[in-house]
Amino acid sequence: MDSERLIELLEKVRGEKITIADAIARLRHLPFEDLGFAKIDHHRALRQGFPEVILGQGKDAREIVAIVRSMRRRKMNILVTRVSADQVAQLKTLTTGLTYHSVARAVTWVGNPIKITGKGTVLVVCAGTSDIPVAEEAALTAAMMGNRVEKLFDVGVAGIHRLWDNHSRLDAASVLIVVAGMEGALPSVVAGLISKPVIAVPTSVGYGASFNGLSALLGMLNSCAAGVTVVNIDNGFGAGFAASLINRV
Amino acid sequence: MDSERLIELLEKVRGEKITIADAIARLRHLPFEDLGFAKIDHHRALRQGFPEVILGQGKDAREIVAIVRSMRRRKMNILVTRVSADQVAQLKTLTTGLTYHSVARAVTWVGNPIKITGKGTVLVVCAGTSDIPVAEEAALTAAMMGNRVEKLFDVGVAGIHRLWDNHSRLDAASVLIVVAGMEGALPSVVAGLISKPVIAVPTSVGYGASFNGLSALLGMLNSCAAGVTVVNIDNGFGAGFAASLINRV
Amino acid sequence: MDSERLIELLEKVRGEKITIADAIARLRHLPFEDLGFAKIDHHRALRQGFPEVILGQGKDAREIVAIVRSMRRRKMNILVTRVSADQVAQLKTLTTGLTYHSVARAVTWVGNPIKITGKGTVLVVCAGTSDIPVAEEAALTAAMMGNRVEKLFDVGVAGIHRLWDNHSRLDAASVLIVVAGMEGALPSVVAGLISKPVIAVPTSVGYGASFNGLSALLGMLNSCAAGVTVVNIDNGFGAGFAASLINRV
Amino acid sequence: MDSERLIELLEKVRGEKITIADAIARLRHLPFEDLGFAKIDHHRALRQGFPEVILGQGKDAREIVAIVRSMRRRKMNILVTRVSADQVAQLKTLTTGLTYHSVARAVTWVGNPIKITGKGTVLVVCAGTSDIPVAEEAALTAAMMGNRVEKLFDVGVAGIHRLWDNHSRLDAASVLIVVAGMEGALPSVVAGLISKPVIAVPTSVGYGASFNGLSALLGMLNSCAAGVTVVNIDNGFGAGFAASLINRV
Amino acid sequence: MDSERLIELLEKVRGEKITIADAIARLRHLPFEDLGFAKIDHHRALRQGFPEVILGQGKDAREIVAIVRSMRRRKMNILVTRVSADQVAQLKTLTTGLTYHSVARAVTWVGNPIKITGKGTVLVVCAGTSDIPVAEEAALTAAMMGNRVEKLFDVGVAGIHRLWDNHSRLDAASVLIVVAGMEGALPSVVAGLISKPVIAVPTSVGYGASFNGLSALLGMLNSCAAGVTVVNIDNGFGAGFAASLINRV
Amino acid sequence: MDSERLIELLEKVRGEKITIADAIARLRHLPFEDLGFAKIDHHRALRQGFPEVILGQGKDAREIVAIVRSMRRRKMNILVTRVSADQVAQLKTLTTGLTYHSVARAVTWVGNPIKITGKGTVLVVCAGTSDIPVAEEAALTAAMMGNRVEKLFDVGVAGIHRLWDNHSRLDAASVLIVVAGMEGALPSVVAGLISKPVIAVPTSVGYGASFNGLSALLGMLNSCAAGVTVVNIDNGFGAGFAASLINRV
Amino acid sequence: MDSERLIELLEKVRGEKITIADAIARLRHLPFEDLGFAKIDHHRALRQGFPEVILGQGKDAREIVAIVRSMRRRKMNILVTRVSADQVAQLKTLTTGLTYHSVARAVTWVGNPIKITGKGTVLVVCAGTSDIPVAEEAALTAAMMGNRVEKLFDVGVAGIHRLWDNHSRLDAASVLIVVAGMEGALPSVVAGLISKPVIAVPTSVGYGASFNGLSALLGMLNSCAAGVTVVNIDNGFGAGFAASLINRV
Amino acid sequence: MDSERLIELLEKVRGEKITIADAIARLRHLPFEDLGFAKIDHHRALRQGFPEVILGQGKDAREIVAIVRSMRRRKMNILVTRVSADQVAQLKTLTTGLTYHSVARAVTWVGNPIKITGKGTVLVVCAGTSDIPVAEEAALTAAMMGNRVEKLFDVGVAGIHRLWDNHSRLDAASVLIVVAGMEGALPSVVAGLISKPVIAVPTSVGYGASFNGLSALLGMLNSCAAGVTVVNIDNGFGAGFAASLINRV
């Protein structure tokens, strides 16, 4: 029930055109959302300046363009994740004005300037060069959601002094996203060095007994360092989104 | 090298009792921590008023008492997690002054009044009555770490209107810990209703194909709602700790 | 908001004691259930004559008795599932009037005579004698929910002529619950013989590579016979409940 | 033994051309089906107006055409499932008169008008847009088997108010097929809202720890809502078939 | 239909008391087994001199005694497998005349002298001393089924010369049962040395990544030596039974 | 040491050209095979008229041709398994005289007429049409190894009367190879009907929770029918080889 | 054939009591070991001063004592691993002179003084206090096999500065055994700091998604630091043994 | 802080230009590596004459060339592992002077003659011809790192006499790398024959229940022969690297 219909109903009550019992009965059968309960509006995030997010994977390029166009009309910022090179090639023939992030495998359109609303800095750390695409997806997501983002890449635990040399950057961050494949040990080491929330992102980097990221995932879930929470394998977007929520607490 | 030894070394440099080359050589062989690099001090959390945490599981009651006594002397608050009924019985014969939390399976000692340093409220939500011990462990941990904590229990997705009726409490929280076993669907539903960080805790509640919490864990990692991060099965402590860090961002 | 409060609100509208805008605002903040939307009442099943179900597993006998007493007062039929021998022994010392089903590991109390509201017969079939406890739980559940229930036990696929000899009983059923452990092949064979809904229940019966029922579960999910649906390992209750819903379609 | 041979045998008995003992011996060695025991006829489903079903996956297009032609001669309706775009392209060059359902990845031929023999409505619900192909396969199967079918798509648990707004449609259905990937939570929420049989279909939608649908499958098997039964991952056909059987109980 | 009823029916045909059409109709509705089709008699094995086999696991000692008594009356040899020490203790108080095989965890009663009907020798080989109980169960089963049985124990692959020294015994066997836990490599080595059927039995011996016999099972299934077939983990009985069938080919 | 060298050594002993101690020392250092211990000759199978077997998978066509040519010179029969269509196309350009078995995905060359040395008939049974390639590989292997082979295809458990109608063929076989994917139930049913060795071959036919044949494999290992042994997923060759060994016991 | 019999045979050759052809025939049928081929003697390890090792787990205390007595007579040092407290209690009543290592859960008897034959120092490192029993088993094994052994315990990656402070001890070792449960990250960090062989030992320490050591095992196998090799979960003995072999290269 | 800056700081101390307290404060904030702590230099391996190693997998050919050029300038030997045929083709068009190892799927450049610094011989053993690529990667790695390397290929356990015939080569090695797929039994047999460190490398060779090398991996971890350590599936490089470290102990 839209507000108009609710007003109309209540006016009928006031005008005694319907009984109160009838009014109650009709109220009960109105669609929920129409009552305008803002609390259950899942679009709330968007109203906080977050972009609309489209999962590109498995979507036809024309389908993506159609959604993008509809959003542009509403002047909403747009983040399309998990876009393949093929999709990008097609998108380029179909529309203009999009920005392509090849490492992050993402596409963006920024109609409204992004306002920094996150309190501190989100630091994205990754273990090896193969983990960078997932790390970049996380960084781009956090940036699109209005956070200052910094990156610290290729600081895996097998050469731990590189991490060491950067402890001041670890200390300076408000929230950390730590991306690693293989044994997934980096979040434990990072969380042992600082007292900030650490979001661990396992990646499918590795072979054999890495089982497409399962080893890294299990390693992170079993972290001996308190304060580590984990998202799905290769889920850079989810980590960036969660970090953004944390950075607004 | 303690500060005294470092001072002594530098005084020798100043007094030209050793060459600079020798000083450098000795600096290189000094133990790292002695240089006082605060940044790598893993006890930092404690200095922020956090309690000392002891994992009770697998420890002898006398061993626990010994650690507790040593901490009491240092006037540190203490949280002992995963304490069995047997251990509690033994602890009671060995020492006094401890507080026993039977549902949370924990023991505490509060020598310093706990100061509320967390910004908002940590809300602990759980799906079924069997999930309550894990939820209570999370709540107690967050409380011991200086947070306002509220609880919303037994609001599983099969009777989703109970969750609905409490959306104002969901909205009012700064950080949410959502505890569920079986299919682990509750965090997705909760995260779809609000825009706050949600820490999901799978529990080993269930039987058969729950595989001791694996189903709930996988469900939470695959949450269709962005903003959900996950900790290990039954890890109420880890969730409470992470929520505390988030509540200080 | 209970109906009284809603009536009161609408009366204020009618009496023009509040503006329509204010009424809308207040409506929006009322708890959902108070509006009395029957459709979201998860207790509906009970009003159809179904018993209240208590999962006995993990509950203290006194806790069970407390719930039972409260229900008796409401004259509701009661089914307690997964009750251990120890719990039964304690229950017997704590209260009277309960009926004990030792094979089904269940306890019942029937305050209202059970009316048969299911259309046809629910036939519970099981493969081996070790599967009988789960089969009996399914049968008891269906019976408590108002169905005619028949049983056909110990007709495993390795001696398939026993199943054969009973095809008229298979044909006569409206819904079939087929319980099997080990390789879990029986539901496929049964579903190949008849054109009725078959609910397959894997059991944890077996050893070694049965992996506590996983083999039977996978076998049933991969059934080459269309029309088979599956519930969790050892979930006789779930199968009986689903069969009851089907028997009312 | 065909009927002719059985008649011949019995005529010999009547004509006393063979002893009764010999007749019994010969009866014992006759092939079973020849006795015409209708009860073991697995084609029974077809006689109830169900279509002949061909699993397209892994079959050569010419092979499919051959089967289709043979059935057309028998005037049987035909449903070919899991047909790839390649197969469709080849089928179009090989024969005419088929109907192609690209989203459901299926092909049909309806020689006999489909009679609605199902009692109520089969409602197919799905969580996300990526789950639609499986949902459409389920819907098409149920429609081909003589059911009224309705669809309610893209009502995932992360935006649960969309499901809420449609509760009247949930209530109106006789049988529900609920399709979801990722964490597979939707069937639990749906089954908590209504008292009808719910067939849950996990899909392979997701990535990382979804393990090609395993997470959704486990989630559904562990559903905290009674009345949910589960079919194999991506098995839209199986769900549609089972719903059709249930809709005839 | 028992033979009497079939005779009666055919006599009616002969006496022309019923038409042939009626006779056919009645034949079609008779229960299958009553026709006495020996081919589908699953008790055939027993008539070949095989013992009746009772799975002791999970059975009450009184239940076992009842079955044993009934069989003794029929003068059938009896093999009870997977009998625990507790069950044995109870059996001893309940009945007499049974033979206890403590290593094989089995109980036997031999009313009819066992005739050797197997052609050659069944050789049971095992890798380590911890595998002996399973090996003894296999050996006892084969012996009870009328085979000459020999044993070659503790010849694991880590000390392969012990196996070497016994190649004449390997060569002399008709069928080999090879029992091993841990990595389960022994069947591959044995099958590489001889040209006889090898039945591999994985055992749950091991710890850690042996995963209760899964490693041995997988190793045996992946044997690089042709001619190896595998039974379930710890299934000595199944191996002995299969070897007996093979020894009669 | 070849025989010549051994003779030479012993002649030196006889001629007292070396001491006995020296002779022993030299014997100890001779390579094992040179002593001519026929018992450890892994080529024994070949001398029994078995063909040389080449695993085609992963081999270059030229590599296969080279091996084939070398064997032809030795007049050995040849079986190349797991040959892809690509490999076949290349083989046809490289050599002549080979026989191609497209369904069994194999290539053979028979230089010596195959003598039937197996005692009875090997019957290859399979559940569905998709299982036929594996079944044909088994049948071809057994035929190449000198067995009478019969086939009974498409007799899955969901239409069990087709199996029933063929029980005389089941009875007539000496060894049975039963091939099935999905839930893998067919071997249990077959083994329940007869008293002959049954080799079960799981196939990777299926989807979703079939996990590439794992479900069928587990089902077969947990068979409730004694006498079933199992080979690796899709291992038709292994089953045919094992059946050949059994058919010679 | 023992040496005597070989001498006797060669003497007959020399004395021309048997022909050379007969001698060859007899040589071929002699048991292999009797020829005294030292190279295949699996007891070689023992002759290098290694102790005899008995796996205590699953053995009766009397059985252990019998083996121990037999070895004492041969003056061999003895290491009994995986001895439970119960077994120890029984051993103490049965025999004297044994040394009990309660943390390592082992029993030793040293009849010959242990000579240090390992070149450098074996350093046993462990992550947490719960890993100490496995670490002590490794250390005791290496010590019993003649190595200098040092220990560095409780240096987990979450407090990495403790490891840092001990890098000189890491540098000084020849071989390192690194023991860790939970995420198993310690070996990667250690192997990144030094250039010595690192043997990683996963432990079953942890809960939930540690899956009894599987997570640690997978983490170690996927180590991003080259030079790490892995043994079975909780296999301290195996690590100590392998380190001893390495320390003799 | 580079040495220059440290010298400068200490000179200021000596010249009393800053107080000792200030010097300490500044020391504490200097980056760690700048202090020149050689012990934590992860490039140590390189200084011992080891080559720089590049993981080719997933890298662009131009990226590889860029790294190679930079290293050549530093006159470092180079090993690029896991290079595909496509990458090799591209590399050949981009640069010259590289050596291609097609079986080992690797590329090398040797600017400095490789000095043999390993003490003994590294023997690489493999089970089947399909395991050779992994074995060659191990052999090439060990050779590039300054070891004498020998190879013993195609000595699988199903034809164990071939292994036997080569025991003198096994005995002569200092360290053994044993590569096997399928059941992975070869390392156990080898380790039972000798007393040298054995590094086991599981390969993904096999099909069905080999689960891409999981079976071989589990088999090796459960080896009944002490002294076996294991690396990741197909990790020939890791084995070669570990063997090199061991060969320098």
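Letters A, B, C, D, E, F, G and H mark the chains as written, and numbering starts fresh at 1 in each.
FYI, contacts are C-beta pairs under 8 Å (C-beta built on N, C-alpha and C of every residue); 3 or more make two chains touch, one makes a residue touch a chain.
In this text, all values refer to a predicted model and were calculated from it rather than measured experimentally.
Shared contact partners of chain C and chain G, listed by label: A, B, E, F. Interface matching across B-H, A-H or E-F places the copy of D-F, with more than half of contact pairs shared by residue number, at A-H. Chain centres here are Cα averages; for chain B and chain D they lie 50 Å apart. Centroids of chain B and chain E (each the mean of its C-alpha atoms) stand 54 Å apart.
Averaging Cα coordinates per chain places chain B and chain F 59 Å apart. Shared interface positions of chain A, i.e. residues touching 2 or more other chains, are given as 32, 37, 40, 42, 158-160, 164, 167-168, 192-193, 208-210, 214, 217, 221-222, 226, 232-233.
Those chain pairs judged to touch are A-B, A-C, A-D, A-G, A-H, B-C, B-D, B-G, B-H, C-D, C-E, C-F, D-E, D-F, E-F, E-G, E-H, F-G, F-H, G-H.
The residues of chain G lying in touch with chain A in their complex are 127-128, 156-160, 182-185, 188-189, 191-193, 206, 208-211, 214-216, 218-226.
Those residues of chain B lying in contact with chain H across their complex are 3, 6-7, 10-11, 13-14, 16, 20, 23-24, 27-28, 35-38. Residues of chain F touching chain E in their complex: 39-40, 42, 44-45, 48, 53, 119-120, 164, 167-168, 171, 174-175, 192-197, 199, 217, 221-222, 226-233, 237-239, 241-242, 245-247, 249.
For chain C in complex with chain E, the residues that touch the partner chain are 130, 158-161, 164-165, 207-210.
The touching residues of chain C, counted against chain B in their complex, run 29, 31-33, 40-42, 57-58, 202, 204, 212-214, 217, 232-235.
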